[in-house]
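Structures given as structure tokens follow.
Across the two complexes that follow, chain A remains constant while its partner is chain B and subsequently chain C.
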Partner chain A sequence: MKRFLPILIVLVVLILLGYPLALLFGLPLARRDMKDLRKWEKETISLSDGVALAGQSDGSNTVFTYPRAIVENDDSRTLFVNDSSLIYKAERPEERVDGERADFHFESDHGLVVQDGVLLSDGDYVREQNLIRFRQTPPRNAQLRQYPDYFVQDSERGEVVLGAAPETGARVWTDSYTIYARPACGDTLMACFFSLPQHPVPFPHWIAARVVPFFQKFPLTDERNIVRSTLYTSLGTLSSLALGGAVGIILAVLFVMFRPLERALLPWTIASQTIPIIALVPVLLLVLGNFGITIQTSLLPTAIIGAYICFFPVVVSTVKGLRAIDPLILDLMKSYAAKPLEIFWKVRFPAAVPFFFTGLKLGTAAALVGALVAETESNNRRGLGFQILGQVQSGNVADVWILLIISGLLGVGLVAFVGLLQRLFAPWERV
Partner chain B sequence: MLDTQPNSKTVQISDLITIRDLNMIYRGRGSETVALKNANLTVAEGEFISLIGPSGCGKTTLLRIMADLIQATSGSITIAGKSPRQARLDREYGYVFQAPALLEWRSVLKNVILPLEIMGFGKEERETRAKKLLEMVGLKQFHRQYPWQLSGGMQQRVSIARALAFDPSLLLMDEPFGALDEITREAMNLELLRIWEETKKTIVFVTHSIPEAVFLSSRIVVMTPRPGKIEKIIPVDLPYPRNTDTRESKAFFDLATEVREALRDVH
Partner chain C sequence: MKPIWTAFIAALVALLGIGLGPLAQEGSSTLLGFFPVLLALLCLGLALIGKLIPATLAVPVALIGAYLPIGKLSALGNGSVAAWGYWANFWGFLLVAFFAAGRVSLSEADGNEERAKKRLRGALPPATVPFILLLIWQGLVIGFQVPKGIFPGVHHVYNQLASSLGVLLTDSYITFVKEVQFGFLIGVSAGFLVGIAIAYSRFLQNGFLPIAAAFGAVPIVGLAPVLGRAFGVDWQSKAAVVVIVTFFPVVLNTVQGLTQLDTLKLELLKAYAANPWQIFLKLRLPNALPFLFNALKLAAVLSVISVIVAEFLIPGPPRGLGQRISLSARQGAYDTVFAAIFVSSLISITIYQLLSWLERSLTGWHPSYREEGH
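Right, the complex of A and B next:
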């Protein structure tokens, strides 16, 4: 029980930390939602409410704005000047703007010309009845439209531009328009926080609530089942450790036995570790794929990738263990006239065992990363790597967190497993 | 005082160790330590010789040269008529180091068995011998423990049992009882004497304790530091077998005083 207490404490701290973290990362998003007009609820105001006036003409102004209004730009009968309705009808854009032609024909001989949603000024073109001739050829694939009477310049701010200034004193108004009523997410920041569609850091109990459905998402018969995925990834990591551990021991022994070999190979060993795994994995998969060995059919690619990263700490640590022998013990063996092989098996090797496992423990986390990366880089549906990638892509934040926790627990579990092996193979160590 | 006859050509069969004009100079980077200067010593077969002297006077150095763990700078040394190297290869001696030097991955029993494994003793004999020796050093019930579970003194006793395990005729012991309490130490002294008398071993024994040296030895070699030299060799004419009464005799006190004075002159 006492041994699990630290783990328990860490767990409780992490859970307690989850709440402030959820707020820390979620509240800015909630505030953004609250301020974002596009996410406000809309309310349609009709003429009878008496607030439909956009403004009165002073004889020269062409821009009119409704306070906090949205003017839907597909309604051709929203705007009136005094009693006459204005026509808002987007013309079909010219067939194609090929970037070479400068002349375009529109249906009517007056109105506003818009290119890619931006109102053009008179200086940009010359109008000759239905023909509009651009001074500068519009860019290829640009969208040109003509609006006969007016153009909704900013539908959210309720800003409309009239083609011609109405006579002095004329009222510009609509029969109905929409205003921003209130943030769709709620009246308070907390309400908006709780109504966020995705929380980057969900509350721990939300994650907890997802656990059971998450585990039930796929039946055991499906290879995407989470238990099967976890087993698959642990199997990949364990085979990495077996391979990496074996290679590590062999290299370490060779290095200690033949110094020149160490001098020749150690720089390469170090260099091998500087290649980023993410770049290496596709190449390795490709090479192995040529021999018909794929992640779909075999654990070998995962094992090789994991071993590639985890053998290095094993070598370094084991070499240290093989070398760090109390000189007095070497004297003792010398006094027995022990042969070099006896010294190796009775002294160097056992002395290196705890060092080997220390190296292997360091390599475990790396091997797990290797296995996860290998899984994400192949189009394999098995393994936690695939699951993580899938959940990230489909935006299931809570599920991503569950996977993160499972991966973390798997890492801890695998390290503990190596520790157990260490206890088994090096029982003399004090714990 | 020295028991050497440099001109004698005849090698007495009873001389187990012969040391002639032995010099040992440790050469470090820019420094030289004369650890032994012109050491001459003959140890007869069956003798119990103690080396005593202040720290750094070359006792360990002398022992290590005998054991062929290091080589002297000049001078000659023979062990049982052979070079130290040959004597080592023939496993003529057992060495008890100043520190226990146990293999931490072996249980107490397995540590004692280690030399027996290397020297090719049969499986059963290994066990019986090791268990008997552990019983002798009072650690029978600890044979399953690992070294770290033992106190320093207990570890040192394991290392003594280990040195005795293959029954070498020569024992080189570097302060074997330094880490023991007075009572255990005296018990171990008696035990060592018993083994020595029973098995007719030759023992070269390094100690810092004057009573211990007097109680155990047939001769005491007093050494001086800087440079390490053999200053004086004091024969101990106390009859064997010795026992607790020996410690209380007048002769014992007189000899202790003689050694103490020889050591005092040294300083």
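Right, the complex of A and C next:
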């Protein structure tokens, strides 16, 4: 009990740390949602009397401002100069903007010319009726528009520019316009936080609440059932451990028996670990597919990838074990006239067994990662890797966390299992 | 081990002997048919002298000898008797090359040998291996006429590498300079600091270490999609993966290095009335350095693998080596895949060697090196 108390306390602290972490990651997203006008609720204001826009009608001013931020594309918005109504309409050029042409025809023979949302001044183009000659050729796919009556220059400030300056003392007014009323997610930051569709780090109790429904989502007969996926992935990892262990032992024995082989190959086994083998998964899948193996249902890709990852620590520590022999024992065997093969079987091999398992333990976690990636890349629906990918794609972050915890426990369990094997096969050595 | 080598040679000559008949049958002159066999025997002879220089000469000759039949194989197609001859030729020369390289490492040293010779003896056998592997690759692809879309030949990869080097270097810049370097620096320094904190607290050692060790078994790359949501799909999320992956090994090794002290030295320092700061600086930190470098090497390898997986799992803007590999594989452009793998391996091997060199120059006093020197 005394041994587990600190672990328990640290675990609880880590779980509690989930709350500030959830806020740390969630609040910036919530703030973004709150600031983003596109995610605000809209509301149309209709006035029976009409309200004047801010801005002086002095015969030259063309900039007027609505009382609040306005929605740019809004059919219900009205704008009057005295009694004449101005229409919000954007005209496209009749020609394609190909980056070479500088002359464009528009529908009307008057209006404001806008390039990529920026209002051009009279000096930037020459107007001949409805033909606009740009002084500078607009780049390819530039957005050219002509607004005959007026143009919303800044929707957040409610600023519009009129095509023609109203005469002195004219009344510029509106009786209907749509505003950004309030953030759709809520009025406060916390409200926005709670209404986030996907939290990068959910509150720990939300994850806990998902556990039971998550396990019950599919019946045991369905291959997507989580217990079955976990078993499948552990089977894949174990087979990769078996394969990697076998390869590792063979290589280690060869290395110890033939020195030149070790000198030639050992540097490359180290280098092989720096090669991102995971990157080879697509190629491996293709090759296996060509050999007629349906990669979507086969354990083979998992086994091969995992084996490649876990053979290296096995080789290194098995070689160490085969070499780390007490010279006294060797002398004794020689004085009994033991043959080299006998020495190998009776002395070296038993001495290497615990080392072999230590290496295998080191490789287990990496083999599990390899198995998960191989499953995702091969679209193998039966494993945990595919489950993780599926939950990520459907946005169930809490479920992703549950799957991560499960795969973490699986990793710990597999290491413990290898440790158990070690006790079974090498009971004389308590490592 | 001598009988094994002789058996080896016998098998080899037998292989070449099979090659002999079909070569004569093909209609070429007898002398030409014999030429490869003679060449192989020459190499074997050079290797069997047992001296360094002849054996060294035998290696490249044998490699060229293995390269020559590849061209013939592509013209012949499979199944014909002559093709079998060339196959025997090909494998025979590869075995000869491997054997010669082995002889180089076994060749007897003179009493006082120059350093260059010693280096050659150490470096030649491992240097031969990639050539042999490349020849096997090329031989299999060309001999079995595997189409480029299924498995590219070495020359396809080379061409692709040459033509898209600029793109690949840009990708490597994103992957290594932005993602790996940034994440590695943060992860390692955080891990080191936390490791120091844990080393000085018995409670944390009891409580945190087992959990940190368990984290080693958690497939942290599974977190990648979650981090992608938190940090955006650009390089920041991948750097975050690297931070987490590098953190735990560094913590574990730092704690081990700082706490697994020689009690004699500790008592000596205490007898000199050294304060804790001095003990840290003069005993604990130097003691932790070898552990730390082990962790750094492990973390470097892990971070490259994880960043590529993270790029697989967080499809962001199409930049970075992992993205390139994943996209090219989906389009069936396997020559690009191999070119990208080659570049990333080259860079990560360089990083690994750099760290090893740094380790040797900083911790050269450590017993593990002293033993090797003798």
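Criterion: the second predicted complex is superposed on the first by the 334 of 431 C-alpha atoms of A that agree within 3 Å, B and C clash if a C-alpha of one lies under 4 Å from a C-alpha of the other, contacts with A are read in each partner's own complex, and residues count from 1 in each chain.
What we mean here is this: a residue touches a chain if its C-beta (ideal position, glycine included) is under 8 Å from a C-beta of that chain, and two chains touch if they have at least 3 such contacts.
Only a predicted model underlies this, so the values are computations on that prediction, with no experimental measurement involved.
Participant: Let me test your reading of the model: by the given contact rule, A:Glu377 touches which partner, first (chain B), second (chain C), both or neither?
Facilitator: Touch partner of A:Glu377: chain C, not chain B.
Participant: Could you tell me if A:Ile7 is touching chain B, chain C, both of them or neither one (first, second, both, neither)?
Facilitator: In the superposition, A:Ile7 touches chain C alone.
Participant: Could you look at A:Leu328 and tell me whether it touches chain B, chain C, both or neither (first, second, both, neither)?
Facilitator: First partner only.
Participant: Taking the superposition as given, does A:Val397 touch the first partner, chain B, the second, chain C, both, or neither?
Facilitator: Second partner only, chain C.
Participant: Which partner does A:Val118 contact after superposing on A: first (chain B), second (chain C), both, neither?
Facilitator: In the superposition, A:Val118 touches no partner, neither chain B nor chain C.
Participant: Determine, for the superposed model, which of the two partners chain B and chain C contacts more residues of chain A.
Facilitator: So, of the two partners, C touches more residues of chain A.
Participant: Regarding the shared-chain residue A:Pro267, is it in contact with chain B (first), chain C (second), both, or neither?
Facilitator: second
Participant: Under the stated touch criterion, which partner chain does A:Ala338 make contact with: chain B (first), chain C (second), both, or neither?
Facilitator: The first partner, chain B, only.
Participant: Give me the intersection of chain A's contacts with chain B and its contacts with chain C, in residue numbers.
Facilitator: No residue of chain A touches both chain B and chain C.
Participant: Which chain A residues qualify as touching chain B in the complex?
Facilitator: 326, 328-329, 331-338, 342, 346-347, 350-351, 353, 426, 428, 430
Participant: Per the contact definition, I'd like the list of chain B residues that touch chain A in the complex.
Facilitator: Going through chain B, the ones touching chain A are 64, 67-69, 88-91, 93-95, 97, 99, 101, 103-107, 114-115, 117-119, 146, 148.
Participant: State the interface residues of chain A toward chain C in the complex, per the touch definition above.
Facilitator: 3, 5-11, 14, 25, 198, 200-201, 257-261, 263-268, 270-271, 273-280, 282-283, 286-287, 290, 364-365, 368-369, 372-373, 376-377, 388-389, 392, 397, 400-401, 403-404, 407-408, 411-412, 414-415
Participant: Mind pulling up the chain C residues that touch chain A in the complex?
Facilitator: Touch residues, chain C against chain A: 1, 4, 98, 101-103, 105-106, 122, 125-126, 128-130, 150-151, 203-204, 206-208, 210-211, 214-223, 225-227, 229-230, 300-301, 304-305, 308-309, 312-313, 321-322, 325-326, 329-330, 334, 337-338, 340-341, 344-345, 348-349, 351-352.
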